[in-house]
Amino acid sequence: MLAQEFMRNALVAGTFVGAACGLIGYFLVLRAQVFASDALSHVAFTGALAAAAFGVDVRVGLLAATVAVGIGIGAIGERAHADDVTIGTVFAWILGLGVLFLAIFTTESSAGNGTAAVRVLFGSLLGLGRGDVELATAVSAVAIAGVVAIARPLLFASLDPLVAAARAVPVTLLGLLFLGLTGLVAAEATQAVGALLLLGLVAAPSAAAHELARGPYAGLALAAALAVGCVWAGLALSYEIARLPPSTAIVAVAAAVYVAAAAARRIRGARAFT
Amino acid sequence: MTTDAAVFQGLSWNLASDVRQLFAFHFMVNALVAGTAVAVLAGSIGWFMVLRRQTFAGHTLAVIAFPGAAGATLAGLPLLLGYFGACVAGAIALAGVAAGRGGGHSRESAATGTVQAVGLGLGFLFVQLYHGLLNGLQALLFGTFLGITDVQARTLVAVTAVTLVVLALAARPLFFASVDADVARAAGVPVRALSLGFLLLLGLSVAATSQITGALLVFALLVTPAATAHRLTSRPVAGLALSVVLGLAVTWLGLALAYFSIYPVGFWVTSLAFGAYVLVRLPRR
Amino acid sequence: MSEAVRLEDASVELGRRVVWEHVSLAVERGELVAVLGSNGAGKSTFLHVVLGLLPLRGGTARVLGRRPGEANAWIGYLPQRRHFDGSVRIRGVDLVRLGLDGARWGVPLPGRGSEARARVREVIDLVGASAYAERPIGALSGGEQQRLLIAQALVRRPRLLLLDEPLDSLDLTNQASVAALVQRICREEGVAVLLVAHDANPILGYLDRVVYFAGGTAVAGTPGEVITGETLSRLYSAPIEVLRTGDGRVVVVGVPEAPFVHGRRHDD
């Protein structure tokens, strides 16, 4: 399996993207902002369409759009802790823009770019070239570094915003930064698992980590590890089973891990230890 | 969208003649009827959805129809069954993980995301398995608003009517349960049953409408007018009415703009609705 | 400088409404001071001023010898009615640790930090919460959560402790034990404590002094000086009677309805 270059590329890109997703996802679950990543993944789709419609490099359009909207959502919310409704309204409008760009895009170029849409929606992990891998690794590394740098104050601000603010933690700024980083990760994960399935990689492994880990930093590490593990397992499964697309496999594994973790904790809890 | 060049005169800036133009074509009349029905339906049920902070769940239900349709195609079952089956299953799953007493928003958020991702992943798999194209997904998301048949328009009106009746019957206990679950429970309101019932109603209405007008439009009409209404007033009856009125306004205006311009309906409706929301939010800055 | 807090002719406004004005008071180190008054009178606002989260409209304020907001590293803060999402599985011990170093960037390195851990243990023992500090905080009762939150406020050895309605959702037994705990900390650690309460009775026996907010201003003094019919009638500009029951409890009669105000939205 490792002999083939496309598999190696997929594994490398998938590892970095997975780690970034796990870390960002840990905080998304903590802050109950998973919807934001959903919205941003669709923004990624719209950004890609806009870029294609205007002849800009798709990856650039994707990245710029998601980061900008991520920060924008934060700016509208209170203390940059945007709630579901705000995210939903921005989301709905972004989808409307997507329709517009789709119309422009499909009238200007012929079909056969339906495949491009599929790639953005459902990922193209097995079709990555060297350049794609390098970009994915670089962007993910930046995101990972960013999350690790702000992890502690972000944790404080997420759990206990009042006391954190009293302790001069820049709660609002951190919220904005976090959403910007989420946009970054969403943009890159779109390559791997696609805009629609990004959720699976961001939400499920992190939720499992929340169930299993005792302390928050252990949880962060576990979230990243689980996400990476899901990517590997998903890729392996998809390699073995011919008709199974990698993104579906990854999401399925992630969901299974989450269910198992939740069940395990329930069983542990039923044996009431304190 | 094909138009008869002799009849389509474009915007004449004479309101009466422009409106008459809109009604000249049967497809436009159907679109308006359908749009009205969806706006009323989405405006009312959406108001509750925003009140109950279940926007994410609403979006998930809107897209979960895709795996349903794909699965039905794969299994050779009627599409309708797939749509409704998926939305019902989705509603039950979401009701199971909904935030209950003592919070649980973090878990609800994670679980809803997982349900959506799994659903979509399955949908992708099904499509691959029957070698289908993803036109189905595009149609689902963006709809075929300007090709609505008479039967479809009538169906939408019927669905809207039924949903409104159910909502009217359940409105008071639902409101109570949404606003103050603990006190409502103590007063004998069946909070959990209402919770499940609401999600089912939401899922069914979304399934029925998104086939025709597209899940994107339905979601936009569910969220944005209601969100705007909630910002303007917290009184329930006024809010509900406002939500419906706003939905109607953006839908009609959006349809008219789509007719007279080259831009698609979905874009106009969502932009108008979003514009209204932004306007309402500005003063608080 | 033995004063923890000093206000001179201070006034503050929220939006365009003056909440209180002409307030002058001083709180000494090691004093346990109750901040009383009806809803909307400006008790929490007072704490926000001390924390530097709200600027004064007029007058001066000095906290631990500095301008408000500069000395926050030496202040422990317990806000009102914090709610922790039931499905978030952060443990009490993690929350207390955040109180120690949560504002620092990066993540705590695995090897180092034994000193921090020891301090966290120490303060958890001090408040008597060792038995349940390892459980997710969402699963604990009100009294248990409150003790852990007090531990969080204490972990950096503050010189001033600000507690906003700490006895709010506690039953009588817990109220008494938390009040006793607060007094013990006050005496043993020499910490000045500002405790906001809407009912003075649970803490009457432990108080040194009282600051009473009403009628757009505040009065400070011993309980005996402040909680009297004379003083309160003057504050409220309305006839107030203070009755003392047989077992030493105090009942204030005749307080007019607090005006309905649009205050700052709090995250509850």
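Letters A, B and C mark the chains in the order given here, with residues in each chain numbered from 1 onward.
We take it that a contact is a pair of C-beta atoms (placed from the backbone, for glycine too) under 8 Å apart; a residue touches a chain by one contact, two chains touch by 3 or more.
On a predicted model such as this, the values are computed, not experimentally measured, just so you know.
Compared with chain C, the chain whose C-alpha mean position is the greatest distance off is B. Overall, the chain located most centrally, as judged by its C-alpha mean against the mean of all protein C-alpha atoms, is A. A straight line joining the Cα centres of chain A and chain C is 41 Å long. Averaging C-alpha coordinates per chain places the centre of chain B 47 Å away from that of chain C.
Work out the mean CA point of chain A and of chain B, and you get 25 Å between them.
For chain A, the set of residues touching two or more other chains reads 30, 32, 210. Counting only residues that touch two or more partner chains, chain B has 105-108. Annotation for chain C: residues touching 2 or more other chains are 84-85, 88. Of all the residues in chain B, the ones that touch chain A in their complex are 50, 53-56, 58-59, 63, 105-114, 116-118, 120-122, 124-125, 128-129, 133-135, 137-138, 141-142, 216, 219-220, 223-224, 227, 230, 262-264, 266-271, 273-274, 277, 281.
Touching chain B in their complex are the following residues of chain A: 28-35, 37-38, 76, 83-93, 95-100, 102-103, 114, 117-118, 121-122, 196-204, 206-207, 210, 243-245, 247-248, 251-252, 254-255, 258. Chain A meets chain C in the complex at residues 30, 32, 79, 148-153, 155-156, 159-169, 210-211, 214-217, 220, 274.
The part of chain C that touches chain A in the complex is made up of residues 51, 53, 72-73, 75, 77-79, 82, 84-85, 88-91, 94-95, 98-99, 101-108, 131-132, 134-135, 152-153, 267.
Note for the complex: chain B touches chain C at residues 99, 101-108.
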